[in-house]
Amino acid sequence: MSSGPAASWPPWRERLHEIVFRSDTRSGRLFDLGLLIAILASVLAVMLESVPEIRAVHAETLSTAEWSFTLLFTAEYALRLLCVRSPARYAMSFFGLIDLLGILPTYLALFVPGAQALMTIRLLRMMRIFRILQLSAYVGESAILSRALRASRPKIVVFVVFVLSVVCSVGALMYVVEGPEHGFTSIPVAIYWAIVTLTTVGYGDITPETGIGRLCASAVMILGYGVLAVPTGIVTTELAFASRLRRTTRVCPGCASEDHEDDALHCKRCGAKL
Amino acid sequence: MSSGPAASWPPWRERLHEIVFRSDTRSGRLFDLGLLIAILASVLAVMLESVPEIRAVHAETLSTAEWSFTLLFTAEYALRLLCVRSPARYAMSFFGLIDLLGILPTYLALFVPGAQALMTIRLLRMMRIFRILQLSAYVGESAILSRALRASRPKIVVFVVFVLSVVCSVGALMYVVEGPEHGFTSIPVAIYWAIVTLTTVGYGDITPETGIGRLCASAVMILGYGVLAVPTGIVTTELAFASRLRRTTRVCPGCASEDHEDDALHCKRCGAKL
Amino acid sequence: MSSGPAASWPPWRERLHEIVFRSDTRSGRLFDLGLLIAILASVLAVMLESVPEIRAVHAETLSTAEWSFTLLFTAEYALRLLCVRSPARYAMSFFGLIDLLGILPTYLALFVPGAQALMTIRLLRMMRIFRILQLSAYVGESAILSRALRASRPKIVVFVVFVLSVVCSVGALMYVVEGPEHGFTSIPVAIYWAIVTLTTVGYGDITPETGIGRLCASAVMILGYGVLAVPTGIVTTELAFASRLRRTTRVCPGCASEDHEDDALHCKRCGAKL
Amino acid sequence: MSSGPAASWPPWRERLHEIVFRSDTRSGRLFDLGLLIAILASVLAVMLESVPEIRAVHAETLSTAEWSFTLLFTAEYALRLLCVRSPARYAMSFFGLIDLLGILPTYLALFVPGAQALMTIRLLRMMRIFRILQLSAYVGESAILSRALRASRPKIVVFVVFVLSVVCSVGALMYVVEGPEHGFTSIPVAIYWAIVTLTTVGYGDITPETGIGRLCASAVMILGYGVLAVPTGIVTTELAFASRLRRTTRVCPGCASEDHEDDALHCKRCGAKL
C-alpha cells in the first residue's frame, strides 16, 4: 500500500500509517506492543467481570476499564481508517473485520444485556503477535499449515456432508430404539447424542439403556473410530505434500534436479553450486 | 445408459430421462434442485414432529406435509423406474435403494408406530448434491477417498476382528473383577463398557470402582491409545498412496493403460516408452 | 513340521496332523470350520449365562453346554499334542498357549467361582479364521501390520515410560491441589484420573472442582492433545515404510532399479521384463 | 568432562566421578541400579502413604522410610556436586534440576503440609533407566522422537495460540447462550468446558441444556474433530522426515558434514563426491 505514489498524500498520514500498520520500524513495533497489552488486559477484565465473586466487589472498576478500553479501540479503529489508502478494502479485510468485531459488543451491551461477553473475540486480534515478533519461521509454518488446510478443503467438505448424513440417520434410529423415556426426547436431541458419541466426546448426559440401544451405540463408536482416521489422514497427506513443495522450489542449474534441502549449498546429484 | 440405440425408445421417455436422471442440462438441474429442497424440507418436518412442544401445536400441519412429501417421492420413484432403460438395475443400484428406503417408512408407520423417524434416511439422498453442483474437484476427491478406503479394507477387517476379540476378553475380565454390584451386571454390559472405554468415548454411566478394576481400566485406556493409532496410520498411508496415484494421469501410448507412477519412464505393463 | 523325514512316524498320525493342523485340504478345512462354530457357540453360552434374566431360566442347559464344549476342546488339545512332531514347541507357541487358556477357566471355576467368565478368551482362537479362509491378501496385510507394530516397539516403549512418568507427576500434583474432599482420595486414584484425562476417555466420575484444579486439568488436556499425536505418528511412519518395503522386493534385471508396483510386468525405468 | 587434563584433580574424585556419573563401568552400573531401586521404592512409599487405609496402620514406618530416602538422595546430590568438574553447570542441567526437585518436597513439607506428594516428581529420574540399560536402539529412538518434536515446535506454537483464541471465544459465546443457571457460572468456567469438549475428553460435569447451546456445542465438536487432525499431521510429517534422515549416516569426505539424504551423490555443502 505504501509503495504507491505519495504525491497527493500528506506526510503526516504517511507517518501515521507507518506507526499504526507497520511493525518493521521502532515506533510501529512500540505501537503494536502497547496494543497487544491493551487487548490482553481488556479480555482479562471481561473474564474477571463474569466471575460472580469478583463482580460483587469490583463491579465499578471493571465497568470503567471496559469502557476505557472500548473507547481506546474505537479511536484506534478510526485512526486505521484515516491513514489507510483504501479504507473500504481495509474494513472488509480479515483483520479489519476482527478489529470491528472487537469494539461492537460493548455498544451492543447497552441494548442487549450480557453481550459484552462476546468481547473476548478481541483475543483473535492476538494473531498480530506473529507479525510483531517478526518470526519468519513462524510465518512460514503458518503458511504451510494454511496451505495444507486449504488443499484439504474439498475432501473435508465431502467428509462433513457424509458425517452429517450418518449422524442424522443414527440419531433418528436411536430415537426409535430408545425413545423419550431414556432421555432421547426428540430427534434433534438424538442427533446431538450421535455427534457427542461419534466425536468420542461422550459427556454421558444422555446414554443408551436398553440392550439394543447399547448394541447400536457400540456399532456407532467402532464406526466413529474408523471415521476419526479420515480427517487425520487427509490433513497429514496434504501437510506432507505442502512441506515437500517448499523443498522443491529450488532447481539445480547444472542438472535441473529438484528436492534440495533448505540448507543445501550444492546440488546433491551433480555437485554444482545452487 | 443414454448412449445406446434409441430406435425402439419413444422420444418422450428420452426427454423424461434427461430431466430426471441428468444434471448437465438446464431442465435436469432445475429438477434436481427442486428435489433437494423437497428432501431437506421433508427431513426438517420429521425432525420438528419429534419435538413434543412443536407436535402439540402443529401436529395436523406436519402430518399433512409428511404425507405430501411421501406421495411426491413415490411419484418421483415411479417416474425413475419408468424412464430408465433397465429398471431392475436401477432398483438394485446404490441410489435406487436409497430412493426406495426414503419412501418406505411412512407406509410402514401405518402399521408400526414411530417408524416415520426412519425417514431421516432421506438425508442420504443429499449425496446427489455433488452431482448437481458439478464440482468435478469434489467428485475427484470423493473418488480418492473411496479408493483409499477400499484399499484399506483388508487391513481394517483384520484390525476390527482383533479389536472385537480384545473387547470381549477385557469385558469378561472386568465382569469377574468388578462384578454386578458395581454396574457390570453381565458380560454383554461389560463388553459395552469396554467398547466405550477403548474408543475413548467414556460416557461414565458405568465406571470401575475397585482398585484392581481401575488398574485394569488404566491398562485398557493406555492400550486403546496405541490401538487408536492403527486405523489412522492405515488410512493415512493409503490416502497418501491414492493421492500420489492421481497426480499421474499419463496414458501409455502402447497399451493405453493408466496408473503410471510419477517417475516412470516406461509403461509398467508393455514396456513402451511413455 | 511335516517336511521332515516321516520314516518313524506312523501314517495315522500323519493323517491326523493333516486334518487337525492344516487347512489346505478338504478334511482339514471342515475340521477348522467345525471348530470355529464350536468356539463361537461356547463363547455365546458363557455370555448368555452371565445375563441374570437368562440364567434364571436356562441355568441347567447352559451349564451342560459349557461342560460339553470344555470337554470337546480338551479332547482337541490332546489330539493336537498327540499328532504334532514336537509337542513342547507347540505347547509354548502363541496358538498353543491360547488353546490351553481356552480350556483352563472351566476347571478353575470348580475352585474359584466366577472364573468361567474368563473363557471368553477363547475368542482369541478366532484368529484362525484368517487361515481357514486362506485369504492371502488378509494374511499379507496382517504381516504388514505386525511388522509395522514390531518396528514401532522401541519408540512406543520410550513413549509409554514418558507417559507413565507424566501421569504419576500430574496425579500427585492434582492430589495436592484438589485434595480428598473433591474425590481425589489418594495418589493412586489421582493417577487413575490423570490416565482417564490424558487418554481423552473422560468418564467424569472424578472431576476437578477448584479453579486451580481446573486450570491444571486444562493444561493436561491440551498437553494430551499433542501427546495423542505421537503414537499415531509413529505407527503411520512405520506402516508407510512397511508398505513401501513390500513394493521393493522386486528388482529389475535390466537396470537393478527397485520400487515397482505390485501389478507391474515391465520395469518402469528401462522397460525390461520383470 | 573426564577427557580434560587430570593434573590438578585428585584421583579419588576421578574414581568417584566414574562411579556416580558413568554407566559403562561395572561399579557405575551397580550404583545406578541401586539408585533406580531406591527411587522406585521412595515413590511407592509416597503413594502408599496417601491411601487413607494404609496410612492409618503404617504411618510411622512410611514416614521413616520417606526421611531415609530423602537423606540418601541429599547425600547423593552432594556427592554429584563434589565430583563433577563444573558443579554450576551440572546444577543447571536438565538432570541436575530433576535431582534437586526430587529432594526439596520433603524439606518443604516441614513448612507446607501435603507438599511431600510432589515427591513423585522423583519418577522423572527414571529417565536414567535408558542410560543404564545402554540400549542404543532406545536412545536412538529417543533422539528421533525428540528431533521430530523439536522440528514440530513452531507449527505447534502457531496451532496452540490459535486453539487458545478459539477456546476463549467459544467459552464466552456459551456463557452468553447457556448462562449461569445451566452450570456455565463464569467465562473461565465456560472456557474450561470448551477445552474439555474440544479435546474430546468430555467429562459431563458441565453440559449444554438449551437447544441453541447444544447446536453450538455440536459445531464445536465437529470443528474439534478436524482440529484434532492437525497436531497428528504435524508430528507424523516431522517423524517421517526425521526417520528418513537417520537412515543416512553418511559423512562427506570433503567437509565432514552429515545429514545427507538417501539418494544424494554429492555433498550438499561442498559438492564433493560422497
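Chains here go by letter, A, B, C and D, matching the order in which they are written, and residues are numbered from 1 within each.
Convention: contacts are C-beta pairs under 8 Å (C-beta built on N, C-alpha and C of every residue); 3 or more make two chains touch, one makes a residue touch a chain.
Quick caveat: nothing in here was measured; it's all calculated off a predicted structure.
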{"item": "Chain whose mean Cα position lies farthest from chain C", "value": "A"}
{"item": "Self-contact between copies chain A and chain D, residue sets same or different by half", "value": "different"}
{"item": "Chain centre separation (chain A, chain B; CA means) in Å", "value": "30"}
{"item": "Chain A and chain C, separation of their C-alpha mean positions in angstrom", "value": "41"}
{"item": "Shared interface positions of chain D, touching two or more other chains", "value": "188, 191, 200-204, 228, 232, 234, 236, 240"}
{"item": "Chain contact topology (line, ring, star, complete or other)", "value": "complete"}
{"item": "Interfacial residue positions of chain D with respect to chain C in the complex", "value": "43, 46-47, 50-52, 114-115, 117-121, 123-124, 126-127, 129-130, 135, 137-138, 140-142, 144-145, 148-149, 156, 160, 163, 188-189, 191-192, 195-196, 199-205, 228, 231-232, 234-236, 238-240, 243"}
{"item": "Touching residues (chain side chain C, partner chain D) in the complex", "value": "154-155, 157-159, 161, 164-165, 168-169, 171-173, 175-176, 179-180, 185-188, 191, 197, 200-204, 207, 211, 214, 217-218, 221-222, 224-226, 228-230, 232-234, 236-237, 240-241"}
{"item": "Chain B contact footprint on chain D (complex, rising order)", "value": "200-204, 232, 236"}
